[in-house]
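One chain, chain A, links the two complexes that follow: it is found with chain B in the first and with chain C in the second.
On to the complex of A and B.
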């Protein structure tokens, strides 16, 4: 059942047909997919959802595609982990990790948005897809396009680390490295998206792409036993995930799938790129663009397209936003790995580190349920923790040497 | 070409008639679609229409005047 009604301008409310377009022709406001939810009355039930395969597509009626997905049919439905060890360390009663560091197929939540964008691109008749990225998005577009038999172009800064180029290049995509300052590279990507008849996932199909993030929120609520958490902490780059998690909760309430738990949404950023967190702390909704300087590269968006809307969600839901230093990011990555066995990328360190700071400051209450959204895998940003991880102790291949070491550690035979 | 951009003005530039100067200096048609001044910052959504090289020169002039110029999609390079 397709309940998509239109694309609607978030600013002036002008509606548009479902087409590969993303900006209001009148006021330049961003377009968002809107739905006729009443069509799902009596049909879209918990039982129906639970009867479907455990992928993000079990909520397909709330994702903007016609029928079944053609790209990324296996994506999503990542674990929600009760973080008992972290609860003790942080002194909180009920803490969960939504672990998208194991999202299929490229180990980041981008697989959710990309599979929606590419499925929609196929519907629109595109045969080439593209993106501009410094990491996770590049890999996800390249992999999902390869699996779907689509041609792909990935634009990257020319000096991107070899490991990240490999993470996209292995899928046979066309990688274009662009020289120049960040702002010039960014503007070129926008111009390419406007000129070539491709599905540029985060430009002309962005309204559909962004909706994929809602699946993370749906899963959290189902995995909590059909209820929303009291508090949810989300890393912020463009701010889109923050708004879509909020939208997912409001949709489930509207459809009668959960009770309204007055969920507060919290945003997390690294101090070196924290325009949204700063706006929340300053009590304004104006986002001052910054030049990013942080190890949390996947969150390094200095001029965030959804910053204003993320700010509004945080304020209206009663949440807060925080930022932490790069050293705190590394410490939080280690803490998550050592307590819960989850190796998150730098953005995960940002989320946990900001949550810790907000718990200590009292912004996040200790006695109510908290979900932390971990959005990418640590194997992609190993350089960030390379110097902070304990080095191996080297011994000769001799039992005697190991006995001495074990004795020093207090190990009993 | 028609370029659609957001201009961000810092406080010291808010009172400068930079869009008027732009149209005087370059052979372009400007069309303001949204504008807001708040909290020490100005934001304008502007369409700039003209020959490709003239539009590009106009944008570079705005940047040289201290205005941040970004596509209406803002940052499209994601992590």
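On to the complex of A and C.
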């Protein structure tokens, strides 16, 4: 059942037909997909959803494509992990990790948005897809395009982590490194998109692309036993995920799938690029662009397009935003790995580190459910922790040598 | 004092399809006023009622965001290249 109604400007409310377009012609405001939810009355039930395969597409009625996906049909449905060890370390009662560091196929939550964007691109008749990316999106576009038989161009800052460059290039995409920061890449792509007839997932098909993020929220609620968490912490770059998690919760409430749990949404940024967190802390909705400088490169967007809306979601939901230093990011990556066995990328360190800071400051209560959204895999940002992790101790293949080592460690035979 | 302004797709209806226009202006504010005179309707797309550049409009002078250069008061010099770019999202 297709319940998509139109594209609607978030600023002035002007509606547009479903086309590959992303900004309002009148006020330049961003366009968003709107739905006729009442068409789902009595049809879109927990039972229907539970009867479907465990992928993000079990919620397909709430994703803006016609019929079944043509790209990325297996994507999504990642584990929600009860983080018992972290609970003890942080001194909180109920903590979960939504672990998109193992999202199929490219180990980041971008596989969700790309699946929607490329399915929509195919629907529109595009044969070449493209993106501006801080790395994860490039890998996901390249992989999903390869699997779907689409040509792809991915644009990245030239100095990204090796894991992200290789993790896109291996799929045979046309990978273009831009001498500049992500904001420069983004600007170039906006102009390229205006000139070349491609589906740019985060430019002209962005309204559809962004909706894919909602699937992360749907899964969290289903995995909690059809319940929204009291608190949810998300990393912020453009601020898009923050707004879409909030939208996913509101949709499930509207559809009667869950009770309203007054969920508060919290945003996490690295101090070297924290325009949204700063605006929240300063009590303003004015986002001042910054020149990004942080090891959390996937969050290094100095001019966040959805910053204003993320700020609003945080304020209206009763959440908060925080930022932490690069050293704290590395420490949090290690903490997550050592307590829960999850190797998250730098953005995951930002999320956990900011959550820790907000727990300590009392902004996040210790006795209510908290979900942390981990959106990417640490194997792609190994440089960040290379100097901070234990190196192997090298010995000969000799039992005697190992005995000496074990004895020094105080290990009893 | 003539500068070149690259016009994004959504605004080309107002420039008779031109993707680039030459315009006079000592600063960004004056440039926008002159754009409006040459292509009526452009200013209200770029600026809000108070004349400030809209939240979702980015203007770059030779690759630098004018928000870092004093916004409307950012000074221009002969031969500068300007881009008007709608805000777009990526990352997370």
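Note that the second predicted complex is superposed on the first by the 399 of 413 C-alpha atoms of A that agree within 3 Å, B and C clash if a C-alpha of one lies under 4 Å from a C-alpha of the other, contacts with A are read in each partner's own complex, and residues count from 1 in each chain.
In the analysis below, a contact is a pair of C-beta atoms (placed from the backbone, for glycine too) under 8 Å apart; a residue touches a chain by one contact, two chains touch by 3 or more.
Keep in mind that this is a model prediction, so the values were computed, not measured.
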Task: Partner chain(s) touched by A:186 [first = chain B, second = chain C, both, neither] - done: both
Open item on the list: Tell me the contact category for A:295 with respect to chain B and chain C: first, second, both or neither.
Closed with: neither
Open item on the list: Once chain A of both complexes is superposed, is A:284 in touch with chain B (first), chain C (second), both, or neither?
Closed with: first
Open item on the list: After the superposition on A, what does A:137 contact: first (chain B), second (chain C), both or neither?
Closed with: both
Open item on the list: I'd like to know which partner A:26 touches here: chain B for first, chain C for second, both or neither.
Closed with: both
Task: Touched partner set for A:157, first chain B, second chain C, both or neither - done: first
Open item on the list: Once chain A of both complexes is superposed, is A:257 in touch with chain B (first), chain C (second), both, or neither?
Closed with: neither
TODO: Considering only touches as defined above, state whether A:241 meets chain B (first), chain C (second), both or neither.
DONE: second
Open item on the list: Just to be sure I read the superposition right, which of the two partners does A:220 touch: chain B = first, chain C = second, or both, or neither?
Closed with: neither
Task: Contact residues common to both interfaces of chain A (with chain B and with chain C) - done: 11, 22-23, 26-29, 131-134, 137, 182-183, 186-187, 189-191, 202-203, 206, 237-238, 288-289, 298-301, 303-305, 347
TODO: Note which residues of chain A are touching chain C in the complex, please.
DONE: 11, 21-30, 109, 131-134, 137, 180, 182-184, 186-187, 189-191, 194-195, 202-203, 206, 210, 234-241, 288-289, 291, 298-301, 303-306, 308, 347, 375
TODO: Quick one: which bits of chain B touch chain A in the complex? Just the residue numbers, please.
DONE: 4, 6, 8, 33-34, 36, 38-39, 41, 43, 45, 63, 68-79
- [ ] Would you tell me which residues of chain A are touching chain B in their complex?
- [x] 11, 22-23, 26-29, 110, 131-137, 155, 157, 182-183, 185-187, 189-191, 193, 200, 202-203, 206, 237-238, 282, 284, 286, 288-289, 297-305, 347
Task: chain C residues touching chain A - in the complex, by the definition given at the top - done: 6, 8-10, 13, 19, 45-46, 54-58, 60, 63, 65, 67-68, 83, 85-92
